[in-house]
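Note that chain A is present in both complexes that follow, paired respectively with chain B and with chain C.
This part shows the complex of A and B:
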């Protein structure tokens, strides 16, 4: 089975966010990782490959540093990597990212496309579903269980307050939710092998696109940071008195309850 | 002729989702500022009877697609129908709740319409130059992006609990328009085989006004009942930190944080939660935060409005008893 996994390089979830002098998010000194939800997608792709055979191609877009994250995916066991890198892609909106990824994916044979349900940086949860639309194939979001049955898949997805089982024909885009599996760590032989695996760099031109085709449809006006919260009251005393006092403060001061 | 602000109203078993009512309420305010009509769209089987309630929350017009074919949500069927309605009605903006359905539907619809979209907004403002400026948490709430859409219609999903719900006016009568559902064959590929809603009398985590969460300090799965008992007295949802989920004490769907649910309730009670940055990212926008932790140095106290240093196994049952007194 030919499997494509789309991944994104993101800030580590422990990273503190600082705005630079230009008002943008400062990337200096921040540890970059594979988006945690994309790890579930990579793991699922590898499990499918181990079960039925096939090839896993991992695709991403961004600057040169994204190669490190693609190498991690290769070290986990993916076979090939594709990185779309172009100066014109400095701040793509979700429409642009989806169009570019769709073009890159369309050059690769695929029966299923896996990716994370959300990226922990911009958290917009749009690109995977938009890419499915651009490719003209169905998608299932926030998947907890994937069961391939020939030319279709039986998929359990998370909905508000429960789950839903969906039957979808392949090819389809599946977005992974935490709980789908437990991702493996790359091991030493995997890391050594990854160095020799193919990592293809593509420009927009090589995808038949130009910067002019890709005018963003949404734009960021500015960034801001939340007002820092400060420590409030610590309620002292015996447990019973503290509970009573907290209840009173909630009612009389915070005016809740 | 102005074509209006549209709100896609979500229902489950003919009950309108709270976030949809919040959007109608805020949509009414925006529509007044823009001198545009507020239009609601509702899809489902048997939904015609909900038009009155929707009008009461401020809709000038309710487009009803009451059809067996849209009885259950599927990405394809809803996208197909809404794409046609939007192309016909040409709204200025389309607002959708950032629910499981909204998150799945809105990007597909935006791409089919070829427009931009802003996800998971917690703020939106109208001004004549920007039209609609949205505020949305990024990096799990550690920063905000202020964004706009350059083409029409403007699509946005709005996080539950971001706007207050108006007091409905039952005498308000909106125009009701019935539309039929025609779904393109390509949009009928995915089939819903089964829907399992967990039986719970507690509110949905992302929509709850009050959340009581337990972390590593809960010590084991057998202790969550003390949070549940407290939750049921005050109508709260139960949440958890990543540490508790990763330890296997509680299901992942209860996780609050950057790799779980992002919530902004009126009251968040953190029990035995140290306050790791990735947890704070998911609940830092709560209006009032209470921390109960035996470690007086725990980071959570640095942002809690009220804190009790002590044994949660002693304090929570006492607090539950206090809340019970308030309730009676």
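This part shows the complex of A and C:
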């Protein structure tokens, strides 16, 4: 089976977010990782490959540093990588990302496309669905269980308060929710082998696109950091009185009772 | 000269660190308390390729360099020095002598399952009368037809009991001193090969340290490692590489303790300020960081030389003595910074301080390392 996984390089989830002088998020010195939801997608792709055979191609877009994350996917066991890297792609919106990824994926034979349900940085959850639309194939989001049955897939997805089971013809885009699987670590032999695997770099030109085709439809006006958490309040006195005071504060000040 | 890790080294470090933090750290305190050997973690190490980092792929290894190996031992030891030495003793002391001195057949039969982690290795060198001075070896080997017959015992053997393959040194001709010493490959389960007492140790308590006992142990002649009389050389070369492992272990212990102290100093408040706001704490933390960085550069330098097949004996000895002493100073300071809490078993720095001490003792004491360094610098 030909499997494509789309991954995004994001900030480490423990990274401290700092806004630079230009008001944008400062990426200098920040550790970058594979978007954790995309790790589930990679793991699921590898499990499918281990079960039914095939080839896993991992696709991403962004600057040179994204190669590190693609190498991680190759070290986990993916076979090939494709990176679309172009100066014109410095700040793509979701539409641009989806168009570019769809073009890149269209060059690769695929029967299923996997990716994370959301990226932990901008959290839009749009790109996978838009990409499916651009490719003219169905998509199922927030998947907890994936069962391939010939030319279709039986998919369990998370919905508010429960799950639903959907049958979808292949090829389809499936986005992974936490719980789909437990991603493996790349092992030592995998890391050594990853160096020798193919990592193809593509420019927009090579995808038949130009920067002019891809003017973002939306632009970010401003970033702001959340307000710092204020210090907690300590209620002194006897337990019974303190409980009374706590209940009053929760009612009148915090307004949560 | 580049002071930068390659991408693959960063990926290895991230991988081993994730494994160490998520799977090894949680039970480290309990394993220390109960002196229990982590057989389950050993199996995970094998799955991740941590049991044969430096050995060629054709012998089941990963085919990576010594820096990859050092990073592996460092990252494991950062959370659990016992697991660090288990991997180090297996790789450097058990498997590496077969790689360096073994015949092709020995490499196929013994190195391959060691590198994949299917089997565990150990080295039986030390005896009650032969510590730093190997010429005191009293275990004997006598050739008898197609076999060697081995009698005697070995002391303080890391991975003892749990290991499947043992490199054992024995005296074949006492009149020749060190030149009578010969190395053999001995399998667990060979009749006459038993285990004596399990040592109760100050630190690295979840690593296994056993006495090996040989009573008319007959091993096939093909299990001779190297030549008859070459055992001292086998041991010395093995220990040169072993120093890289122990230096990396010491480095990891120091790094782990330093991080604990750094974190604590930013949280703990006294006199209305965090400890990290006091200059006295800042100086302590700075000294820790300086020593760790210097130790790391020495270790990485020894790795580079070993990988390039350049002489590295002196540099490995320098790295080992410096990293070991750094681990002892840094862990003691970490306990000091954590104060009363640091002295309790509620925080890992107490264990780290106990674990650090052995790095100044085993695989060549700090005094022996200085002798090695001095012999090199006075030779020229």
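The rule is short, and it goes like this: the second predicted complex is superposed on the first by the 243 of 257 C-alpha atoms of A that agree within 3 Å, B and C clash if a C-alpha of one lies under 4 Å from a C-alpha of the other, contacts with A are read in each partner's own complex, and residues count from 1 in each chain.
Here is the rule we use: a contact is a pair of C-beta atoms (placed from the backbone, for glycine too) under 8 Å apart; a residue touches a chain by one contact, two chains touch by 3 or more.
Model, not experiment: these values are computed from the prediction.
Asks: Quick one: chain B and chain C on chain A, clash or fit?
Replies: Aligned on chain A, chain B and chain C fit with no clash.
Asks: Can A:191 be said to touch chain B (first), chain C (second), both, or neither?
Replies: second
Asks: Which holds for A:161: it touches chain B only (first), chain C only (second), both, or neither?
Replies: After superposing on A, A:161 lies in contact with chain B but is clear of chain C.
Asks: Contacts for A:220 in the overlay, against chain B (first) and chain C (second): which applies, first, second, both or neither?
Replies: The first partner, chain B, only.
Asks: What's your read, chain B or chain C touching more residues of chain A?
Replies: B
Asks: Of the partners chain B and chain C, which touch A:72 in the superposed model: first, second, both, neither?
Replies: It touches chain C, and chain B stays clear.
Asks: By how many Å are the closest C-alpha atoms of chain B and chain C apart after the superposition?
Replies: Nearest C-alpha atoms of the two chains are 7 Å apart.
Asks: For a test of understanding, state which residues of chain B touch chain A in their complex under the given definition.
Replies: 12, 74-76, 99-101, 103-104, 106-108, 110-112, 114-120, 130, 133, 136-151, 186, 189-198, 200, 204, 206, 210, 234, 252-253, 255, 258-260, 262, 266-267, 276-278, 281, 284-285, 288-290, 296, 301-311, 314-315, 318-319, 321-323, 325-326
Asks: Hey, which residues of chain C end up touching chain A in the complex?
Replies: Chain C residues touching chain A: 7-8, 10-12, 15, 18-19, 47-50, 53, 57, 62-64, 68, 72.
Asks: Give the list of chain A residues in touch with chain C in this complex.
Replies: These residues of chain A touch chain C: 68, 71-72, 75, 185-192, 194-195.
Asks: Where on chain A is chain B touching in the complex?
Replies: Residues 11, 13-17, 19, 25, 36-37, 93-95, 98, 120-130, 132-134, 136, 138-142, 154, 158-169, 172, 178-179, 216-226, 229-236, 239-240, 242-244, 246-247, 249-251, 254, 256-257.
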